[in-house]
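The chains carry the letters A, B, C and D, assigned in the order they are written, with residues numbered from 1 in each.
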Amino acid sequence: MSRQAGNLAFVLWSASILAALTHGQEAKPRARELGIPFDGRPGNWNAITDVLGVEVGHATVVSGDGKLQVGKGPIRTGVTAILPRGRDSTEPAFAGMFSLNGAGEMTGAHWIEESGYMEGPLMITNTHSVGVVRDAIIAYQVKEGTVGPSGMRWSLPVVAETYDGWLNDTNGFHVKPDHVFSAWSGARSGRVAEGNVGGGTGMICYEFKGGIGTSSRQFSERGRTYTVGVLVQANHGLRSQLLIAGVPVGREIRDHLVHKQETGSIIIVVATDAPLLPHQLKRLARRASIGLARTGSVSSNGSGDIFIAFSTSKVDRPARGENPKVEMLSNDDMSPLFDATVLATEEAIVNALIAAETMSGIDGHTVVALPHDRLKQVLKKYNRLVER
Amino acid sequence: MSRQAGNLAFVLWSASILAALTHGQEAKPRARELGIPFDGRPGNWNAITDVLGVEVGHATVVSGDGKLQVGKGPIRTGVTAILPRGRDSTEPAFAGMFSLNGAGEMTGAHWIEESGYMEGPLMITNTHSVGVVRDAIIAYQVKEGTVGPSGMRWSLPVVAETYDGWLNDTNGFHVKPDHVFSAWSGARSGRVAEGNVGGGTGMICYEFKGGIGTSSRQFSERGRTYTVGVLVQANHGLRSQLLIAGVPVGREIRDHLVHKQETGSIIIVVATDAPLLPHQLKRLARRASIGLARTGSVSSNGSGDIFIAFSTSKVDRPARGENPKVEMLSNDDMSPLFDATVLATEEAIVNALIAAETMSGIDGHTVVALPHDRLKQVLKKYNRLVER
Amino acid sequence: MSRQAGNLAFVLWSASILAALTHGQEAKPRARELGIPFDGRPGNWNAITDVLGVEVGHATVVSGDGKLQVGKGPIRTGVTAILPRGRDSTEPAFAGMFSLNGAGEMTGAHWIEESGYMEGPLMITNTHSVGVVRDAIIAYQVKEGTVGPSGMRWSLPVVAETYDGWLNDTNGFHVKPDHVFSAWSGARSGRVAEGNVGGGTGMICYEFKGGIGTSSRQFSERGRTYTVGVLVQANHGLRSQLLIAGVPVGREIRDHLVHKQETGSIIIVVATDAPLLPHQLKRLARRASIGLARTGSVSSNGSGDIFIAFSTSKVDRPARGENPKVEMLSNDDMSPLFDATVLATEEAIVNALIAAETMSGIDGHTVVALPHDRLKQVLKKYNRLVER
Amino acid sequence: MSRQAGNLAFVLWSASILAALTHGQEAKPRARELGIPFDGRPGNWNAITDVLGVEVGHATVVSGDGKLQVGKGPIRTGVTAILPRGRDSTEPAFAGMFSLNGAGEMTGAHWIEESGYMEGPLMITNTHSVGVVRDAIIAYQVKEGTVGPSGMRWSLPVVAETYDGWLNDTNGFHVKPDHVFSAWSGARSGRVAEGNVGGGTGMICYEFKGGIGTSSRQFSERGRTYTVGVLVQANHGLRSQLLIAGVPVGREIRDHLVHKQETGSIIIVVATDAPLLPHQLKRLARRASIGLARTGSVSSNGSGDIFIAFSTSKVDRPARGENPKVEMLSNDDMSPLFDATVLATEEAIVNALIAAETMSGIDGHTVVALPHDRLKQVLKKYNRLVER
């Protein structure tokens, strides 16, 4: 097979294609369907897309098997795009960040901290492909005539990453601009594919196969309903650390270990329709730490645990010459949002573990999926399985 | 009884007196002695004082009963002093801070962030007494001729707080300079009194009686043994949130509730003899969040959850004209310190709950202690009790 | 004279009394009246009080002469109170901070960073009196039934400081709660006393007598007029560094030097009626650095250069059950506010130097005022004097 | 000419080639040679390369003239590489950052903040080429077998930018991986080319032609000599703001204006051989603000003013099993470093203005160089010209 043909053979799934593929088959159960107890009430999709306007697209790049040949594969990687206001909006969204352990990259951070705004999409990929994704976002915006989204002539895209070099030929730089366009243009509301998809394709979580996971929470306050949605790209943790519903699952399922020391990372994206100002969104981003902690992580030295929260609340633009008015949730009303963020983060991580499937990559490295049956046995042992 | 006599009637315990008082009686069990499972190996005292040089002193101010008369009592408050290098040292210690939720005060923060040094003692008291404690520290330093510790002519003391106004006449301002001197001069190594003592006297934790708690961890790396010690002043959380060893204890023990919404706080102090630079100590301070999260907190809006970590590692001062040399732990060796910080924080909080005793304060408000027997039953229900 | 009588002899001026005292006499010229060139258009008072609602009060404590007797004097100190919305408001104001060099204290910082709000007054005093001022603010709020301003049961006051120990018996702790009440209750709009008043009484700036200075700028944008007001407590700098209007004044006037190395500090308070969110106010606070830089400071190691900006813009509270709406200036419209902040900061510092008068304090230490005539000669030499 | 040939026609200068080119011709004067007064004593090259070990390389990409055809040119851009320890070292350097106004990108920031280390080179380019430069650095490290420099299997390169879209076809993405390799492999100690070179090729400063500038300061303390070197990529400011030696030069030379509002940025890199810890380097990075302020900038809304400081001080690695010892300058000795940073930053910016030459770019846009003769006249008018 020629190099060209090999390139063509890259399997490229966008979320919509994936959805089609999985339409006919019985859906895999998600974490709560297995009987894992979670608190709080999720939205319709139990996904970040429950926040109205948020769209998610994946480009998954999988090709080849066997021995690593740098530049040729095997390839187990991709890109995930999160669009705060959908594919067609160029309006910014208030955002705030928090770095629990900054052994990672999230570009665009300086401008978010300065301006309070995230402009354009948020993308997540592998560590060594952040640059190509960043510039491809600009190229797409140039093509669409929207550089930069807030009317400036430049763009400072937001791209985050985790490292997939144990399964993927990560130094072969296999993410290409077309994958970025594909993830972006394929973004949709509704069900979000989880596990070995998009940026999460080659990821490892508590030494089980990890990747993309998502969850959401809804609650009512003073007569209004608010939604918090979380999406994670989970690539962190040692087996011995894993807690699910407070149960030391990682100590009970000790086979097929991968690491000697943690070298992974987790990117956590929190979306909400609650009208939060940038400094309030930083508060939400910090709560992602607590959700992560509930699954057992201590955020090790080499872990790039960087979190971002954004609000889709609209800005009310009055007559010309007037300043915009922005709605603002009182600080006193924020604690339920903290609860929602913590709970949705915890469940999103477990959803990634439940959805991901055993994968082999470079040099025959194999990472097994968390076995559902054994997990249920362990939960039962600790009286934490929700029987149906 | 005259006002003077009333002042004299303030019961003032320093840690050393308390130690004497408790010498003859059977010691209360600590958390792990009850069969609560904790990971890692604690030091000799399972206390922050396991870090060589660290001394702790409490001044506990308890007086009166019945209806609140602002300025007269009832009084349930105090001060806790933590001396990084003992009572007599004026040498600074590298330090770093983290505010998980800044609804609280920790003075001296700007200089710690700027200089990397904590100079002098760290004290914890009630919210409305931070000022008197701060200035009393300076007065004590002036008396001792050590203003400021690093040779400057001024001092920027480090004083933190949590709010005790549900049990204490906190607007009566009952902490006085003499309590500060007493806590300072009474500071000792060895066993640390926990529960209703010092700054923790009137505190409430997950709607049980809270207060001071401490724990430590030791581990060896490359032939050296490092210690991490944690002391908390725990005044945070709703009952429904409480997790112990991952078990939803707060949902199982639902009587004697106190709050409608969380209004408390927790100050966490992390000490280590590992040679960490200031930016590395900030990493440790952030890990206190994870230990806190493991007990169920989401760090609510009104919670002043401010953490500080310091190292007692000595600076090697060579010949005049040379710069000091400081030992530095490699970042790659830090993950075990993160584990230790998380685990000691978790246990210190539970120790505070186990040590604290039921207390009545102003207007007959009563906060009950976490009942040990019922806790053991709950742990057993979830197969998490360590039988002896 | 008895100790009691000595206490009574403390000369206590509130701003209103000072205003009366200076009413009959010819007012000292301010910096721009001397012919120093400044850019931009000041408000009516060329003071922080040009921002509608802002009130300023000083309590100035001056007593005794001659040799230092710690606890007795001589005394050269005080407190300055800045009330964002006037004496009677308990409504919070959005605020943001920046520490250019944190060798100083500004309490309340954690809550401002967390909540975005400054609640209650901002006070500035000497380094060793921060505690007493902090707690006295709470005592005053307790008395007025407004603890804390935002409806919480506790208060986290904002108190900043610079060090006056070269002129003042600063270890005698001469600032008392009554001075705090006096500064607060005496706060007024209108002209602001400058120089040796309030917290600025014993301060030294570029080795000339320093203290309180203020200035303002107004500009119109999209048909609306915005005001930025600045107040400084200036106690920083070496003579050799001093620049005025870009001219190296400090090198030209080299007599009556005081320091061997800089040990001072500057607190800068920026007020505006522009509707800025907390993260935008941090941007303003950072610009105070640039105004300071224009007077020659490099913000030395021992300098506590901590800045705070707040907005008096009102929050629009709609019907019950709705969230408040806040007006927000577009980031794109902020640059003129940056100009205004820089220019008003620069002029406020020079105003402090121009207003302050030669003072002698402990042990006969004397700090001379910047001589107006020589300053004009120097400006003329560099073709920068505005002739009238 | 074919597209291929056009690519080859890109004019690519590395610093070494440039040095050769300029060898035979009379060197342009630098700022201080024109008689502009600067304080302090520069090093041998008055450049960042005076800090032993630091090497700088430029790749300058200039091609075409006339009307903009996106993707074809005209091209006025490039890359500048700064290697803290020379081309061959993979040892990290302590570093610290500060964002005065974060309307820009500097990748790698999270890891520098977390670890205290800058690993690998620092590169500066145009805004839309940050991604390609970032990934090309990794590709180079992969090729050299040094991913990542500290022994990790991944790399988080540090790439900063300013916007050159007024002169350059910036949306044509003309910076290619080969330019990155060229700047890196061509890096040298010694004289540093300034003005229209490397990342600075298409930059505009105070509406004059800007670009790369550099300067240094040396001073002795306690018998040791320390060097501070600064390199800027200057693309900021409005003409009316420009101050040189405190003189309002921008108001005196008012022709050939470019902007209606500031849209530029400045990246400032501070290098020193003083043994500073990461938190101390953040202090240095903040002082770059003061040097920038002295040239008149207020750091406008759209300005990406992001600064980084690193130390080349070596880590002393003792016997196996021991922790490294690092030398540390006392905080008390830092003020002269602050002076040096401020002064070298100021001079580096002016050097960029003095070195840059008039350039025409896309659509015939022309930016003129600061005219040396008129500058001297203005300085003379304000009695600030140093006559020789």
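Please note the rule applied: a residue touches a chain if its C-beta (ideal position, glycine included) is under 8 Å from a C-beta of that chain, and two chains touch if they have at least 3 such contacts.
Source: prediction; values computed, not measured.
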item	value
Each chain counted as touching chain B and chain D at once	A, C
Between A-D and A-C, the pair with more C-beta contacts	A-D
Between chain A and chain D, centroid-to-centroid distance (C-alpha), Å	36
Chain A and chain C, separation of their C-alpha mean positions in angstrom	47
Residue numbers of chain A (touch at least two other chains)	101, 113-115, 283, 302, 331-332
Chain contact topology (line, ring, star, complete or other)	complete
Parts of chain A lying in touch with chain D, wherever the complex brings them together	70, 99, 101-111, 113-115, 127-136, 138-139, 142, 147, 152-156, 159, 163, 165, 170-171, 173, 263, 302, 304, 306
Residues of chain D that touch chain C when the two form their complex	100-101, 243, 245-248, 261-262, 283, 286-287, 289-290, 292-294, 297-302, 331-332, 334-335, 338-339, 342, 381-384
Residue numbers on chain D that touch chain B, as the complex places them	113-117, 150-151, 222-224, 275, 277-280, 283, 315-316, 321, 323-332
